[in-house]
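Let me give you the structure first, and then I'll get to my questions.
Order as written gives the chain letters A, B, C and D; numbering starts at 1 within each chain.
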């Protein structure tokens, strides 16, 4: 039942406590940046692989006030197994699918201005490519700014199981993708653990804003 | 005289103390985001329905320094009934009208850059529609991003009673509206309680900025 | 030697201590907003009218770290009369001139992105007018959004005494102005006291950003 | 072995402790501003000149959480000489080259949106000039806004030694430059000490954003 954490063996409940504190801290930071306004956004991390057990943010709470005590423990069917009366995020099936497809340890979802705008501008292309930026090196496995990252854009849906299936298909088709966009909805990224997933979110959010602003100025020059 | 609060019965003065602390905290947060600069913005919440009694932010104070002790208690004619020498916001009649029309428990008013800009760009249309964004689901009663929200824009006025009447007419005409704009003035939104009203403000502010920035980039592409 | 402060008579040194704490707090807040980066910006307030004695921010310090202990006391020739070895801001003569012309109790100077950009765009016009915004009501003596505020723009100079003279001429010519811009340099605003001067700065900064962003989107619509 | 610090002689280890605390504080501030997201950015300062000894931020850490205890001590070959198991930033050779070429006491590197965008827009010109802004006076040795600062832009590379050589060539060619850009990568600036290097970064970041936004609005007016 125990697992490794920085070389020390921790019980599952100790791991959950540490993970819940990190999730709450990341959520509050995202809310300050305007990436999780209006109770939007959700966050998860794996506590145990067998059976799959996740720490998950609850539905409908202000991410600027989120505390570790509010983080739920759920199973692979998104059923709450901790002693909480709250509901997990409606998008829990998307988190679970990403974790299973990628073997990820954490999944983070943000609603930023720039991810919303660019998901719209590039919707008809089914995605956008990001190439030539040093920041790309922060994505796991990328060692040069010459890397070309394809960021898929999926149509949004309220049918979470159908959307989970489409996300699964997309991840199998784009095996190197570190993130994806839902149209006029937001960004999903993931990583080995919460720190890596947070790094991936920050990098993709940064690059989307840089691309958006560059296009504005570039078009001006051509006029 | 007592009312329910999380299952516990509180006296009216206990409720006022809790509400005043929440108002001050929300005000300071809005000021940090630049939504209540220069002493602008005002906030209210219902303390008692019969007779109607509101907690209301005072006029002309820096929202970045607002404390719970500064929050006034007013009656339905905007007369101060707490032991304060301060004046309630000049816009108190607008809050009272919205509370009566909608049965709202809280009303929040912000002066953001994007609500000011879009209230101007769309003034001639009498409002703007927002459709297709996942964020819309955070508005009470909305269950899909396919929802179309009409955000009415009213001409600004210094005659607060006349403006309150026009707001009343607008709310009766647009029974599903969750918010409205005053031209070159700001946003009013409301909710069952302060948490819901804050959620509505954050969602509408987010969507206005997303719409504004999308239009900038989209126009560029068409050039 | 004593003066009134909230109805209580304070010694001049007590007043200086209170004013210095406010100046440091406002400076740190402006730096967080990006209005006083790179040690830019300066702040002053009147401690005594006869002889004229000011609290003034020192030259070349990081406004994000400014403490009350660093605030200097200077006379009407900008000579340091407190026990400090620091130099007052080079722009002290501009503060002193504004205080004398307007009878102001506080003068604040910011270097924001939007005041820099708009000082440039409108330089050839010698100023810009701001009209029709509710925010204008926060300027002292303005009671309606229909007010038209003329914001003069002066050419920048390193000759502080000559610049002070030009500022004096401008203030006499535009007796209702609440603020002025120096071209590609920044904003000066003032008020009866620090709270009012801060309110004026926040209002003008807000309106400049709103005007700048409105112009961007409006031009797009005309294309 | 001791050196002067505010007139007091400190041991090298005392100096390192002070410098490490400053580096961590500046890093956290840059992360809040969005200039060091996704573990990007790096910071260094000279602890001792002979033999050259630097305090350097470690590779791959979240700058928003950086503590003084994580700062490494490295030699002029970027080898860690403090008791840490972490790796110094990959870009340490660039810091060391700048320190040697300029006799700088501190080097700071940021990844901001505006430095990324403008490094791209002006890449073909090999740099951009900034002229006529009061903010320029905050750059060491500049006494008037009429100063013209040339900000060189170099092609990015993953070969750090080759890039260090190109930076050396650029610094010898542009002896008055206070900063340089790497294409789609970021800003390097430096100074006599950390405070001056931070001032230079803030000034150049401010001016890049002001230039970018001015161009957007100016082009609009010409349409």
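Everything below uses one rule, namely that contacts are C-beta pairs under 8 Å (C-beta built on N, C-alpha and C of every residue); 3 or more make two chains touch, one makes a residue touch a chain.
Remember, it's a predicted structure, so these values are computed and weren't measured experimentally.
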Across the interface between the identical copies chain A and chain B, with over half of residue numbers shared counting as same and under half as different, the residues used are different
Note to self: chain A rotates onto chain D (CA fit) by an angle, in degrees and to the nearest 5, of 90
In whole angstrom, the CA-centroid distance of chain B from chain C equals 31
For the pair chain B and chain D, the C-alpha centroid-to-centroid distance in angstrom is 44
Where chain A touches two or more other chains at once, the residues are 216, 220, 223
Contacting chain pairs, sorted by label, are A-B, A-D, B-C, C-D
Counting only contacts in the complex, chain C reaches chain D at residues 34, 37-40, 62, 64, 111, 113-114, 116-117, 120-121, 156, 158, 182, 184-186, 212, 215-216, 219-220, 222-223
Chain A contacts chain D in the complex at 29, 33, 132-135, 138, 143-145, 195, 198-200, 202-203, 205-206, 209-210, 213-214, 216-218, 220-221, 223
